[in-house]
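Chain lettering (A, B, C, D, E and F) follows the sequence in which the chains are written, and residue indices restart at 1 in each chain.
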Amino acid sequence: MRTEKKIKLVVPITSKEFQEEHKNAMKALGRGIEVIGVKRGSPSIESFYDTAFSVPATVLKVEEAEKEGFKAVVLDCFDDPGLHAAREKVDILVVGPGQASMLMAMALGDKFSIITITDTMISSFQHNAYTLGIERKLASVRAIGIPVLELSKRVNEVKERLFEESVKAIKEDGASVIILGCTGMLGIAKELYDRLKKEGYDVPVIDPLIAAISLAEALINMGVKHSRITYRKPPEKERSY
Amino acid sequence: MRTEKKIKLVVPITSKEFQEEHKNAMKALGRGIEVIGVKRGSPSIESFYDTAFSVPATVLKVEEAEKEGFKAVVLDCFDDPGLHAAREKVDILVVGPGQASMLMAMALGDKFSIITITDTMISSFQHNAYTLGIERKLASVRAIGIPVLELSKRVNEVKERLFEESVKAIKEDGASVIILGCTGMLGIAKELYDRLKKEGYDVPVIDPLIAAISLAEALINMGVKHSRITYRKPPEKERSY
Amino acid sequence: MRTEKKIKLVVPITSKEFQEEHKNAMKALGRGIEVIGVKRGSPSIESFYDTAFSVPATVLKVEEAEKEGFKAVVLDCFDDPGLHAAREKVDILVVGPGQASMLMAMALGDKFSIITITDTMISSFQHNAYTLGIERKLASVRAIGIPVLELSKRVNEVKERLFEESVKAIKEDGASVIILGCTGMLGIAKELYDRLKKEGYDVPVIDPLIAAISLAEALINMGVKHSRITYRKPPEKERSY
Amino acid sequence: MRTEKKIKLVVPITSKEFQEEHKNAMKALGRGIEVIGVKRGSPSIESFYDTAFSVPATVLKVEEAEKEGFKAVVLDCFDDPGLHAAREKVDILVVGPGQASMLMAMALGDKFSIITITDTMISSFQHNAYTLGIERKLASVRAIGIPVLELSKRVNEVKERLFEESVKAIKEDGASVIILGCTGMLGIAKELYDRLKKEGYDVPVIDPLIAAISLAEALINMGVKHSRITYRKPPEKERSY
Amino acid sequence: MRTEKKIKLVVPITSKEFQEEHKNAMKALGRGIEVIGVKRGSPSIESFYDTAFSVPATVLKVEEAEKEGFKAVVLDCFDDPGLHAAREKVDILVVGPGQASMLMAMALGDKFSIITITDTMISSFQHNAYTLGIERKLASVRAIGIPVLELSKRVNEVKERLFEESVKAIKEDGASVIILGCTGMLGIAKELYDRLKKEGYDVPVIDPLIAAISLAEALINMGVKHSRITYRKPPEKERSY
Amino acid sequence: MRTEKKIKLVVPITSKEFQEEHKNAMKALGRGIEVIGVKRGSPSIESFYDTAFSVPATVLKVEEAEKEGFKAVVLDCFDDPGLHAAREKVDILVVGPGQASMLMAMALGDKFSIITITDTMISSFQHNAYTLGIERKLASVRAIGIPVLELSKRVNEVKERLFEESVKAIKEDGASVIILGCTGMLGIAKELYDRLKKEGYDVPVIDPLIAAISLAEALINMGVKHSRITYRKPPEKERSY
C-alpha cells in the first residue's frame, strides 16, 4: 500500500531556517511528505505563550491542506499546537508528535520520559499527557537547557545532554522508554539508542517527528478519522485574525 | 481589607453586546472591577477552534492590565482562554472561571457537573478538568444547546434547560454540585438553586464569573502569586500577530 | 517505504477454518503478510481459560518467526495472548490487536468502548486496558453474545448486534470511539462506521487486526523495538510443554 | 464588599496560650473575625488520636456559631477536625485550612507539598488529600520535627527547618507550591517565600489559616453553601458526650 | 490453629439492644469472641456526625482491650469509627468491617457495591474507600432507607430492599461483588446470595462483621501488626474527654 | 472453626526440590494443607515467559483439586500463575500469594513495596497490582538478584539483600509495608521484621505463602466464592495441551 503524497507537514514556527531544514529532511526521507511553514506566530515554540501565538496560523495551514486534498496533516512541533482546534475544523487526519510519541512509547514499554529542550516546556507537555489520559505512564519530563533554534548548531552538546538526562530518567524516574521532546531533534534518536544500549540501558528512543509521520500513515492505512463526538464541528461565525 | 480597583476583567470575545452587558454587570456588582474586551478573535467561544483565535488578543490584554497596575486579571470565559500562557508572561494573578468554579465546587461537595451552552464545548471543559488533575471529581459536562450570544435573548428557555440538565446531572451522573458552564449565564445561579432546592435537590449552583472574581479577591488577600516552577517565564523573542 | 514480507501473523487458535480464512484475508489485503496457526491450544479464545492453553504454542510460533527473519509478529486475537511473554523472549516486534486498537483509539478521540463476542471475554479485556495503564479511557466492554467461530456464519446478526451495542456504548457509556473486540470481525468495520454515521454517530470504528498490522508497520518504519527494561530476557532453563 | 463580623474561628485545641495568640492575631488582622476555643479535647493536634478527642467539642462550637448568626466557621487546625461532621449538622459554611490550602495551591501551580510539624501528622494529611480526590496533586507531606506548642518558642529553628524541607520538596518531590501544614505557623509564609525566591525557587507559600479565611470570605461573597447531597442532615437522636 | 479468646469486638454505639444482640450472635458463632459496648456516644452510627461522637469512647475501649491482652480488636460498625486513631495508640491489631469487606471483595471479583442503611452514610463510606486508595474498585454505595436500629424489626423489608438495590448495583453500576454496608445486617448475607444466584446474579455477598473477624483471625495467624510508619505513636499529653 | 484438610497447595513449578521443601514446610505448619506439584512447565517462575509455560498444568491441577473435594486452592508462586483462568473454570476458591499479600498489606499500612528475586519479575508483579486496581498503593518492586532455586542455598545473602532493599523501599520509595515477593522466601519474614524494627523501621513484613493460606482460610470461613460476573464459566470445547 502506497502512502506517498498523502501527508502534509505543517511547521508551526516562523523560523525560515527551521522550515528549510525540515523541507530538506522530508525530501531526504523519501516518504512523499510536503512541507509548509507558517508566516505569523513565534519563531520557535518554547512555552505556552509561544504556542498561543502560533496556533491560529497553524490551524489555517491545516485547513489549507484539507482543501488541497491531503489525507493527513502532521504538526511539526512536539507541543502539538492547535491539534484539537484543527481536528474540530477539518475532516482529514491531524497528528501531533507529542501525542504520537506517547502512544508509540506505550506500545513498547511501561513508563516513558520526555527529554526536551528547555524547562519552559515541561508544564505544557505534562498537560498533553494529562489530556491524553495517561499521567500514570509519564515518568518525567526533563530538559537539556538548549533552545530549539540552537539545536542544530550545538549538536554535540545536545547529544551529550540527551544521554545524561536519559540515564537520569531511567535510573531516577523509572522510565523504560525515552522520547525526544522536540521535532528539532530529528535524526539523532538512533545514535542515542546505541549509546544507551552500550551502557546497559536497552530502551527504545522515539524520534517524535518520525513517530507522528508513522502514526499518520498507519491511520491512513486503517481508513479512519477522528471522532466527531470528541471533536464536534465549530459553529460558523466571523472570526478575525 | 479593601480589594476595590484591583481586578480587571478581560472579555476574550469580540461581541460588543456581550462586552457592554458585562461592563454594566460589573458596575452593578460594585466590587470595583474594570472591564476590557478584545477587538480580534472570535465573537463568542464555543469550541477549541474559537479559543485558538481568541487567545492571542486575550493574552495581550492581560499584559496590558499588568502594565496598568492591576493586581489580578479575571478571564471572562468559562474555557479559561490563554490562562496558562498569560500566567507565564505576567507577574500578576490570572484567574479563569473554569478552574475557579471547579475549585470552589470541591470546597462544597463531592462530584460536580458543568452545565454549559452547546456540546461543542464539552471536550474542552473536560481537558480543563484533566489538566487541573481532578478528572475523578467531574461527574459530567452537559449542554443546553443554546449558543452564548442567544443566552440573554432566550432567558426563560435557558433557565428551563438548565434546570432539566441539572436534575439529570444529579440523578444520572452523581453530581452533588452544579456549575454553570458559561460566564454569559451571569446572575441566574440563585434562581436555579432555589428551584432545585424546592424540588428536593439542595445543591450549590456556582456562577462561574462570581467564583472567579471571588477567587481572585481571595488570592489577592492571601498575597500570593502563581508558581514560577509551573509557569516559567517565556524566553524573549520577536513574535508576530 | 516498502514493508512487504516483514510481518508474520500468528493465529493463536487451532481452528483450521479460522486459520484458512485469515490466510485468504491476508492474501487479499496485499500487504505481504504471512500467516501461521498453532496446532495445540484452544480452537477459539473466549476466556482467560482459553488463553491459558493457547499461550505456549503461540509464543513458540513467535520465536519461530524471529528465527525465520521476520521483523514483527502480529498476534491474531484481540486478547493479545502471550504478548508480554513473547516480547521477553524475542528481539523482534510483537504487536497485539487489543493494545494496538486501544492506542489507535486514543489517537482519534476521548473514551472508547470495545464490542466483543461473548461476555466471557470482558474481564480479560479490562485487564489488558489496566496493564496498559489506561483504565480511564475505557468507557466499557460490551458483548454481542455470538461465539468466535460463529461470526462468519451469522454475519447479518453480528452486524445488527454490533450496531445495537455500539449505539448503547456511545449513548449510555460515553464512548466516542468504537473498537471491534475480536479479530474474527475482520472486514466489517467500514459498514458499521457508515451506519453509525448515518444515524448521527460519526465515530471511528477500529478493525483490530488492521490496527495491529498498521501499528506493526509504523513501528518497523520507526526502527524501534520494545524496551528491555520492561521486558527483560527470561533466564535460560529447561521448560517442558 | 465587607465581610466583617461574619466569620468565627473555632480553635479545636485546648491550649489556652494558643487560643490567646490566635485571638490577638485575628484582632491584628482586622478582618472582623471572632475567636472561640474548645475546653475539652487535646491540648494540640498532632495525630489521628488527637483529632479523635478534639472533634466532639469542636463540632459543638460550630453549632453554637450557627446559632449566634455567623455566616461561616473556620476551623483553626490544618487537620480540618470535624469538617465533614460539622457540615452535615449546620447550614452555615464550614471551612478547614487543610482543604482550603490545597484548593488554593491548585489555583497557583501543579503539584504541592505540605510542610508540617511532626511526622505523626503525615498520614492524616494524606487522607485529607485522598478524600478531596486530589492524591495526584500532592507531591509530599514533610515534617520539621517540632511540635505545635513549641512553634512560637523556637521560631528561628522553625524557619530554618521549613526552608530546608521546602527545598527538598521542590527538588526531590516535584512540588511547585509549598503549603505550611499547621495553623500555628501563622505569619511566617511571606518570609519563607522571600527566602525561597532569593535562592531561585519562586513558588507560592500558603499560610493555611489565611487561606481558610480567604476561602470562607469568597464563599460568603458567592452566596453558596455546601451540598446537601454530599452532606445530608444527620438523623435526630440523643447523643452523649 | 486455634484463634479462640483472642479477639474482642468493640461495639461503638450505645444502643443496649444492639450490644445485646451482638453478644448473643458472637456466642452463637462460637469463635471465642468477647464483646464490649461503649456507654457514651451515639445510639447508632448513621452519619459523619454520629461517628464524631462515637470515636472517643470507642478508641478508649480498644486501649482497654489491649491492656486485657487481646490480640486484636474488631470494630462493630461498617464506618470503622476510630480505626486510624486506635491503630496509632495501640500495638494490637485493629480491624474495621468497612476496610475488611472491601479488601475481601477485591479477592473475589472486580468492582463492588456497598448496600447500606440510609443515604446519610454514603459520603462516609466513599471516604473510607478513598483513604484505602481503591476508589476505582467502588462501583457505588446504595441505601435501603432503613435506620440501623430498625433493621432487626423490619427484617423482611430489609431483605427485599437489599435484593432490589443489589440488582441495581449489578445491572446499573457494574458491581460484581455485593457488600452489606452495616454490621447490623448480620446473618442475612447467605439468603441474599442464594436469591441473587437464583435470579441469575452469581455474585458473592459479604457480611461485613464476619469479614472483619475473618480478616482479624488471618492477620493474627500471619503474626503481623500494622505499620508504625503509617500509624506513628501519638505524643503523650493530657487529653480531656 | 476448624479449616484443616480443606486447602490444597498447587506448586506451579516443576522443581522437585522446591516441591519437596514445600511439602515438608506445609507438614511443619500443621494447618492440614496438602501439596501437589506440576510435572510440566517451568522449573521455576522468573518471567512472563516462565509463567506462560506453567499455567496450563497449574490450572489442570486446580481442576483436579476441585474434583477431590478441596474447598480452596492456594497457588504456590507470587506471580499467581493461572489465577484468573482457574477461577473461571472451578467453583472452589483459588487464592494467589501476590494478590493475597497486596490485600493484607493494605490492611496494615499505606503503601507497600515488593522485594522479589530477580528484576525479570518486576513487570509481571506490576501487572498484578494494576489488574487488582491498586497501582496507587504500590510504592515499588525491587529485586535482590538471586534466582528462586538458589534462595535456600544462599540464605544469608538472601537475608542481607532483603534487608538492604527493604530499607531502600522505605526510605526512597515511601513504602510502609514490605512484601516478600517469592513464596520460596518462606519462613524468613519474622527475622527481617525484627531486624528492620531494630533499625528503626517498624513495618510489617508479609510472607506471601502464609498470607495466601490465611486469606484462603478466611474466605472459607466467610462461606464465599469468587464472582461469576467477573469470572464467567468458559464455554465447553476441546482444548489440546
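Everything that follows uses one rule, which is that contacts are C-beta pairs under 8 Å (C-beta built on N, C-alpha and C of every residue); 3 or more make two chains touch, one makes a residue touch a chain.
This one's a predicted model, so the numbers in the text were calculated from it and none came from an experiment.
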Contacts common to chain C and chain D (chain labels): A, B, E, F
Chain-contact steps, minimal, separating chain F from chain B: 2
Comparison of B-E and C-F (more C-beta pairs in contact): C-F
Farthest chain (mean CA position) relative to chain B: F
Mean-CA-position distance for chain F and chain A (Å): 43
Chain centre separation (chain E, chain F; CA means) in Å: 27
Touching two or more other chains - residue numbers and ranges from chain D: 110, 123, 133, 135-136, 230-231
Chain-level touch network, classified as line, ring, star, complete or other: other
Chain-chain contacts as defined at top: A-B, A-C, A-D, A-F, B-C, B-D, B-E, C-E, C-F, D-E, D-F, E-F
Interface residues, chain B side, partner chain E - complex: 110, 136
Chain F to chain A touching residues, read off their complex: 123, 126, 135
Complex contacts: residues of chain E adjacent to chain F: 1, 30-31, 95, 99-100, 103-104, 106-110, 132-134, 136-137, 170, 176-177, 190, 193, 201-207, 210-211, 214-215, 217-219, 221-231
Chain B to chain A touching residues, read off their complex: 14, 39-44, 46-53, 55-56, 59, 82, 84-85, 87-89, 118-120, 122-124, 127, 130-131, 133, 135, 147, 230-235, 237-241
